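The chains carry the letters A, B, C and D, assigned in the order they are written, with residues numbered from 1 in each.
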Amino acid sequence: MSLPSFLRRILGGGHGGADPRVRELARLCDALLAESGEYASTALARDALAAWQDLDERLRDEFFDVLATSYSPDAEALKGAAGAYQADPSNDSLLALQRATESPRRELFDRLNMAAGGTAALVEMRKALLQKLKARPQWRVIDYDLRRRLRSWFNRGFLRLERIDWHTSALLLEKLIQYEAVHAVQGWRDLRRRLESDRRCYAFFHPQLPDEPIIFIEVALTRGMSARVQPLLDVSAPVGAPASADSAMFYSITNCQEGLRGISFGNQLIKQVAEDLKREFPHLRRFATLSPVPGFRRWLEKSAPRELVARIEDPAWHLGEVPEELEKDLMRRCAYYLLREKQDEEPLDPVARFHLANGASLERLNWMGDTSESGMARSAGLMVNYVYWLAELERNHERYFREHLVLAAPAVEKLARECPPQGQAAA
Amino acid sequence: MSLPSFLRRILGGGHGGADPRVRELARLCDALLAESGEYASTALARDALAAWQDLDERLRDEFFDVLATSYSPDAEALKGAAGAYQADPSNDSLLALQRATESPRRELFDRLNMAAGGTAALVEMRKALLQKLKARPQWRVIDYDLRRRLRSWFNRGFLRLERIDWHTSALLLEKLIQYEAVHAVQGWRDLRRRLESDRRCYAFFHPQLPDEPIIFIEVALTRGMSARVQPLLDVSAPVGAPASADSAMFYSITNCQEGLRGISFGNQLIKQVAEDLKREFPHLRRFATLSPVPGFRRWLEKSAPRELVARIEDPAWHLGEVPEELEKDLMRRCAYYLLREKQDEEPLDPVARFHLANGASLERLNWMGDTSESGMARSAGLMVNYVYWLAELERNHERYFREHLVLAAPAVEKLARECPPQGQAAA
Amino acid sequence: MSLPSFLRRILGGGHGGADPRVRELARLCDALLAESGEYASTALARDALAAWQDLDERLRDEFFDVLATSYSPDAEALKGAAGAYQADPSNDSLLALQRATESPRRELFDRLNMAAGGTAALVEMRKALLQKLKARPQWRVIDYDLRRRLRSWFNRGFLRLERIDWHTSALLLEKLIQYEAVHAVQGWRDLRRRLESDRRCYAFFHPQLPDEPIIFIEVALTRGMSARVQPLLDVSAPVGAPASADSAMFYSITNCQEGLRGISFGNQLIKQVAEDLKREFPHLRRFATLSPVPGFRRWLEKSAPRELVARIEDPAWHLGEVPEELEKDLMRRCAYYLLREKQDEEPLDPVARFHLANGASLERLNWMGDTSESGMARSAGLMVNYVYWLAELERNHERYFREHLVLAAPAVEKLARECPPQGQAAA
Amino acid sequence: MSLPSFLRRILGGGHGGADPRVRELARLCDALLAESGEYASTALARDALAAWQDLDERLRDEFFDVLATSYSPDAEALKGAAGAYQADPSNDSLLALQRATESPRRELFDRLNMAAGGTAALVEMRKALLQKLKARPQWRVIDYDLRRRLRSWFNRGFLRLERIDWHTSALLLEKLIQYEAVHAVQGWRDLRRRLESDRRCYAFFHPQLPDEPIIFIEVALTRGMSARVQPLLDVSAPVGAPASADSAMFYSITNCQEGLRGISFGNQLIKQVAEDLKREFPHLRRFATLSPVPGFRRWLEKSAPRELVARIEDPAWHLGEVPEELEKDLMRRCAYYLLREKQDEEPLDPVARFHLANGASLERLNWMGDTSESGMARSAGLMVNYVYWLAELERNHERYFREHLVLAAPAVEKLARECPPQGQAAA
């Protein structure tokens, strides 16, 4: 009666109306689960993963439906354990309840992972799952189990930081070109420039995915804090001497694995890279980002006076001379947006949220910091420097979590104070 | 009201009467847990592990007590989720109940693992825990959480098989000398002989413990199936030519990490090593163990006639000429013990259980196979060859799990049939 | 009196009228040589090499002049030893004469090599030397010493064969793009195609030049023996399955280090690669080149009737329909050129010389095998397959050296016999 | 007429009366040399080396005789070139003479080296050669050629320094146990103590002999400059904290390859290790040796008064109380021996010669610094600290070579001055 459903299926009928290929895959999963733990067969795991990889999108959806319904904990047994715990919340009944909540699904993921390439395949599986999760809330039980497994396997203790440069394999470098989302790489020549001696690139790797970066960051070693990103991306810019640099500018950070969404490592990456750079170049005095303000333009459209919105709808508005009062107006509104606009007590802007939670502080707004199409479209051309003072990160981070205090330089504070009330034109 | 207890402690009092060093450790754990997930500090993790490693045995016990009581799921919240599920066992209420059963303890282990050396420290922690778990059943909730973490991190997909030979580091070889429990290594000269060209040694390794074998196996390449272990262990035995060997004899397998008890890899190791050897030496025709019968002597003492028991109590009983009827009698009783004596349908003998479950078959009993002190004391000098026919392992393994059939050669079956009824002397 | 000249310079004046920078470099060389052998300073070696690398072309020429005159063996001492040997050619006088012929130059190269990067710098130095050696025969004494050193350091026993693929570092792959001389690489996309699974690329490396290939070879795995090179170079050609290939076509081999000219490894490379491929793909039946006939067109211009030469001077002569008799005529002349035209008993064509000396045989002429500009200009569009029958290489190679026999397939022999007499038009 | 002798042999008779196995080896060598340079066969090289390795001592001697006579330069051709040079010592005649002095022997060694394991085999061959070279001066022409090859291949630029510790392979560590000649290693426990964290061990390696150290050095990190070696060698001495050490004591340096005698690297090793240690432990203030005085006792026997010699012939003379005047007398004589006794202007003591030539200075004599049997027998129990002041090594080394100045501390100078005249008893 309390047999797990997959065992009942093995003895009885199987997975109802599904496509034969999905039924075959479910049969492999059942067989894999039927094994006694330590004897579970890597051959079955390999076959099941191969069968999954052969499914097209429609059949994968079918399989997710099966996974969401047939591999949950046994409801009767769980109800019983829940009742027992309510009656007597002892350590023993807690243990029994914890065991009863564990789904065969989670065990299935553990066993699939045993196959060669299993980890990569499960990261891919979650990517496919996430793409439709909003539309299929019933799959959230799958994501709960799969994310738990991935979170455990990708524990930060298992990641290693590696520098990426021109000595790195072409296979890996090609992936950087594909993955880089913030400032797209324009072919190998562009990539090569980004790996010259006045640049640095680092990534986190997992032992099971040796050729796949998890997340990577690009850094420029500069004299003075960069205000604009186009000079940093200029393929023909002369290569600077890293020894004479005083600033490390983090100008791009990219999460590579869609299937690991919500399992974040970015903050660790920045801190570790900053510490490594400090060791290599003790004369570096400033670690700062050159970051977009990705929600600014959308926010402007909702909150700014119609004339302003209309004005910057002209794709050429920033070319030629821009009136000083327009620049001032936009800078003030941007400062206000970053410092005052909130979502659940935290800054509305996702990039600000990320860096401030890391313990960085908002140092400077940069007019026409990114004049690329996307820079204009998302950030109205503005960019921000968030500064990482290594000695203060922990304290800032704590304060941020206690008080949600947005640390900003006085000049930025002043801009925010000067911002005209929402909906009103600048005086 | 539903605040986790560790948060209440941070706001309120702390961990009652415990020693200051334990309280300090608990405070570090609380601080580590108080961080928002992705920002959890590796520095705190490192400090907490260092504090734990500094505790003596008594204080570690105190800390385990704290861990067992203060880091469980919040009882009120869990009762609520249990009730909701009972009322409506939907996917949503299942998710809520699963979340509610997750203990802060498990999260704590995840975060401790982020520190350098974290995995090794947690394996050590479980070792300490297991040593007293029988006497302190209230710690089982700790073991439940810790074992789950370790089981996930030591997923077989993450282990890699490595050959160990005289090119291996002294650091690692020294550990083999320490760990080898079946046939103790008598110093470096003995070890060197076990790594000569007619021997093989393999181990499983985990990326986080590069200098620690998880489990290792020793193999002798021989002509004919070895019946006795002493010649295999003879330090001055001439080195044979592996090219002329037809058998691979697995004569020792050792689990190295006490803290990973119950997370077993032995069966995978044997299969993988057998396949690797077959590739390297295609002419190998037989893969077999030379195994002890560790429960035989104890079983004899309970089941055999008093005269027989008395006779083999003389430590010298096997020296000189042994009467043929005594040899026959013991061989029959041993066959009976292995084939007929059960524990929950499975063979009573743990070594038989292990190999038969792997899909091996019991090929031969060997008289005076191990005349060492421990061989006489545990197995009355007998040894067994379990044969691994690679092509039949899967099928045998399945049959074993379905029918608990004990596969044995006809000669062994015959011996078991000839065994006199329990308690009676041989005819 | 018999002091080496560099010692006299140290005590006395120095290197006459040379530029101060050349004098400074010579001073460093003298100081390096003045050290007692085993104590020679790597710091001095490093400074001397750096000084050399800073010289421009004119000053390097000046330095070579100094090197050719001031670092030869002491003439008086050598005359004495020569006389002593003539008088009594014993082992002792031989030893004395051998010692007297050793130039300080050779010792200087040994000591320069001790610096980090020394080997690479000396390879570069020889490259600079060779570029003007014809015009400056007095430098041949430098080349004699330098080539001896390089030949010893680049002994084939020190080279290791490595496969190059998409896992290789971008740094190295970029060098292939630069060095490939036979069929130029059109950027990264072209290179990537040449490293797909139906292609192979191998290179020889020296431990002191880890990022510099010495020589590399490109191979295509094909069904049937390729007759034309353009399909092999087609970037958008579908990737074939190596498992179904029966031929390995060596279509490009490139010496990378101009400074190692005359120290050849090509023949070893082909043999070793063929053996490696045979191990990986036992079903490969044929190892053959697809080679140019680089001297054919030039030879035609001297030996063929004027009308023929004029005809193929039209850059478009091969476009559209080519009359059958023209094709026949050119094929016959090419066969004659390859089989009958000699330079000191060996084939006049350098590529034929190379492969035939390796023990390969001339298997087939391919009409319009290379229609690229350079293929038309040098080989009149023809290409040759030289076949490497692994089992016969040694024997063929020996015969070639004894008899200079040109092994060719009967069809090629027939073509050569049908060739009209030189200077005459085809019948 | 000017055919090399080995070619005449191939065409004509062969190697006269030698044993068939030696003749077969010579035949292989001839065949190897008969190949045209770049096509020389690695298979022939391998066979020739295998044939050599199979010879016993007597046959190796025979082969050396063949090598010394049959593979020298052609005498007639050499006489001609010698005459031409005498008549006109131009660059061209120099080149011709240099070519004529090159023996086929040297080319043979080059070609043998192409085989896998060739370098190691040739190092072994020279070891065998050196063992009898004094008795067979006619072999010196072999040694000249072989040493030149080895010297070129083992150019210091090709060696890499590696730290040896408990992570090193057992294979290599076992070799340290075998090779250590200064202070013999008493098994694995002793070796392990020498590799603890307050000790360091470094070796030079060559790419072709990855498992063979060329030379290695042992260092102790201590507080204060060690005066006695026994405490350093004490297996049960507690492990010190390297962070609190102020001195690095070089207490043993061992050349491992007898076949590389005369191709020395010791001085480079000391300097490089000292620099590495200085980087790792910036607080180290003193780099010094603890060295024997290996020639002292023998010198004493020749130069000291009979009573003194007789006195220290008693093996127990140093046990119990030693009269102060005896200690003073021996210390003075030892200082005199080190500072005043010469061999060709350099110190008579070989260890003093080595360190002083390196640029070290003689800092201190240590009474009863080495009370081991060999320490008493060779150095009368005394040991010396030579100090390496990194900043002054170059200058000291130069002065030593110019003036053969023996740098010593004032206290040692004073001892030397107080020494009674040779042959006389102390006053």
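We adopt the following convention: contacts are C-beta pairs under 8 Å (C-beta built on N, C-alpha and C of every residue); 3 or more make two chains touch, one makes a residue touch a chain.
This is a predicted model, so every value here is computed, not measured.
> From chain A, how many touching-chain steps at minimum until you land on chain C?
1
> Let me spell it out: compute each chain's centre from its C-alpha atoms, then which one is farthest from chain B's centre?
It is C.
> Quick one: report the Å distance separating chain A from chain B, using the average Cα coordinate of each chain.
One centre to the other, that is 39 Å.
> Averaging over Cα atoms per chain, report the distance between chain B and chain D in Å.
Chain B and chain D have C-alpha centres separated by 52 Å.
> How many Å are there between the centre of chain A and the centre of chain D, using C-alpha atoms for each centre?
Computed from C-alpha means, the inter-chain centre distance equals 60 Å.
> Where in chain B do residues touch two or more other chains at once?
none
> Which chains touch, pair by pair?
Every pair of chains in contact is listed here: A-B, A-C, B-D, C-D.
> Help me check something: in the complex, which residues belonging to chain D touch chain C?
35-36, 38-39, 41-43, 68, 72-73, 75, 78-79, 82-83, 85-86, 89, 91-92, 94-95, 97-99, 101, 103, 110, 113-116, 118-119, 137-138, 140-141, 144, 149, 151-153, 155-158, 207-208, 264-268, 357-358, 394, 397, 401
> With touch defined as at the start, can you tell me which chain A residues reach chain C in the complex?
Going by the criterion above, the answer is residues 166-171, 173-174, 187-188, 192, 211.
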